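In what follows, chain A forms one complex with chain B and a second complex with chain C.
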Partner chain A sequence: MKVSVKPMDGSIVVCIEGSVDGLTADELLAKLDEQVDAGKVRLVADLSGLEYTSSAGLRALLGTVKRARNKGGDLRLAAVQQPVFKVLDLAGFTGILKIFDDVPSAVASFK
Partner chain B sequence: MQQIRQGDRRVAVVIGSGSVKCAASLGLFRALKRHGIGVSMLVGCSAGCLYASMLALGKDTAEAAEATARLWTRDVAGHRNRMALLKLLMPRTFGFDGEFGLRSDKVIMARLRTAFGDAQIEDAQIPLYLAATDFLTGQQKIFSRGSIVDAIRASIAVPFLFSPWRIDDRLYVDGYVSDPLPVGVAIKEGARVIVAMGFESPTQERITSGARFAFQLSSILSNNLLKSQFAFHGLAHYAEILPIIPEFTERVHLFDTGKIPYLIEEGERAAEAQMPYLTRLLDADASEAQSRAAN
Partner chain C sequence: MAEATRIRRPARLESLPLFAQFVMDACAAHGADPETTYALRLAVEELGTNTIKYGYSGMDAGDIALDFAAHPDRFVLTLTDWGKPFDPRAAPQPNVTLSAEQRPIGGLGVYLVMSMMDEVSYRSDAERGNALTLVKLRDGQRSAEKRNT
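Let's turn to the complex of A and B:
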């Protein structure tokens, strides 16, 4: 898994590539926590390069959503690929998270 | 780096309800075998019980495919249960009761007996858990002992189609009614890594009969239940759950046994995509266990 972070129009875009799972979820959560701890709570997860997420990945995403929303922000998902979308849908995430076709749309949604 | 033996790699496998689509689990097994990953327990629900049972009893994937193609054909539901119709129309006269099913189960029972004989769950080579639903309480019922035929028959008691099945004076209906993908069973039995293959029920393209109306409602309910139960188990527990969801571009009907090779292929394709990660995870897990044992 690779995680990179970049600011974009007042939001933080977290680009997650590869597989989020039991071996990598802690690393992802640490990166997301860093942002939330620094008060950067308008978060967009760019999932265009994410190939798979297991339950550990889902827990990391949900934990960040809760923390970001508690601080008045949100974690919004962008460019979710079909295999990952199916897992998110199966786990009920599509009903509680805002999902956008691409990163610019997700960033714009915070305005 | 300690050497990880292939036998150290083991996962729990859960095969959810899904009628003939459950054949995709044979593709999952092929992928696991090719990567030297063993199975520590098997959990089945509804038609998933057929495959879980065959594999737990030691049949290889080719034998299991062949056996289910013979077993799960359209004619298992092809004979009307005339008494059930009379009970439905004149409940007081004919005595309507909980053992209601519109189709006769004679064919499916004969085929289950041919396929499994007197095999007992506790005799399986891999620990086996078959999920059904207690018809009176709605609670999930897990069979981990007793007749495989009885447990499967209980777990495939599709509401309205086949009558609930009586075991030890209690009635059971299809396992999907309480949880279409029972990963909770594997969690309860102590599994750390769970590979779960689940399927959404197909919805009807057109509602043209009472039966289709009932199946549509049933599909909606079971699909929503699948998601809510999976969400709970995936988020509330420490266990690592890897959902494997095959992509079926062809529409697959309840008894499309002619599509079993296609289903296996798609199951294998979906499973294969997760094998590199699964292997790394199991190696890390086994390495940690070896370190603990050495200290």
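Let's turn to the complex of A and C:
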């Protein structure tokens, strides 16, 4: 798993690549927590390079959505690939998270 | 004739990447589609984690064995352990329709695996251990079964 963070137009884009599993999800959650703790709660997860997530990754996403919304922000998803989308859908996350086709659309949705 | 392959390792978190690689290699070698590969990889991570954390809790950790078999119409993955019995088919179902605010964190792993399989069976006995058998039908077979139901 590789996680990189960059600001874009008033939002923070968190690019998550590779595989998120039980061994790497804590690192992802730490990176997301860091942003929320710093008051940066307009978050966009760029999932264009995410090939695999287990329930450990879903826990990190849900925890961050809850924290960001509590602080008046949100975590929105962009460019979700089909296998990951299926897991999000089975888990009911497609109904509770805002999902966009690409990063610019997700960033623009905060305006 | 099925082609079968096996791995057996200690029930420790460090073994999970080996199990994942075993399943991905076996799927690649036998032409499994990406959905099948994802589902079986998810199964060994989620169920392996459960066995390591709960199945062997309070006792000496034993092993987990994976048996992968490629049949003309299906892939069969059996996970065997010698810890406490746990039939994942009887695990409580999460409510996946709750809002983000109401959703508890966790409890999704077993549910996801069960949702992605075509068939699941389980048996537990003192001598042979606990064996969970997961079946994914090959692509063509899935659509054929759907036409017949």
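Note that in this section the second predicted complex is superposed on the first by the 111 of 111 C-alpha atoms of A that agree within 3 Å, B and C clash if a C-alpha of one lies under 4 Å from a C-alpha of the other, contacts with A are read in each partner's own complex, and residues count from 1 in each chain.
Following the convention adopted for this analysis, a contact is a pair of C-beta atoms (placed from the backbone, for glycine too) under 8 Å apart; a residue touches a chain by one contact, two chains touch by 3 or more.
All of these numbers come straight from a predicted model, not from anything done at the bench.
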Self-check item: Partner chain in contact with A:23 - chain B first, chain C second, else both or neither
Solution: both
Quiz item: So, A:98: does it touch chain B (first), chain C (second), both, or neither?
Solution: neither
Quiz item: Between chain B (first) and chain C (second), which does A:58 come into contact with in this model arrangement: first, second, both, or neither?
Solution: both
Quiz item: Looking at the overlay, does A:66 come into contact with chain B only (first), chain C only (second), both, or neither?
Solution: second
Quiz item: Touching A:31, do we find chain B (first), chain C (second), both, or neither?
Solution: neither
Exercise. Determine where on chain A the residues touched by chain B overlap those touched by chain C, and list them.
Key: 21-23, 52, 54-55, 58-59, 62, 83, 86-87, 90-92
Quiz item: In their shared complex, at which residues does chain A touch chain B?
Solution: 19, 21-23, 51-52, 54-56, 58-59, 62, 82-83, 86-87, 89-93
Self-check item: Complex contact set, residues of chain A against chain C
Solution: 21-23, 52, 54-55, 58-59, 62-63, 65-66, 69, 83, 86-87, 90-92, 95-97
Practice problem: Using the touch rule from the top, collect the residues of chain C that touch chain A in their complex. | Solution: 13, 16-17, 20, 34-35, 38, 41-42, 45-46, 49, 96-101, 103, 105-106, 108-109, 111-112, 115-116
Quiz item: Within the complex, which stretch of chain B touches chain A?
Solution: 193, 198, 226-228, 230-231, 233-235, 237, 239-243, 245, 247, 273-274, 277, 280-281, 284
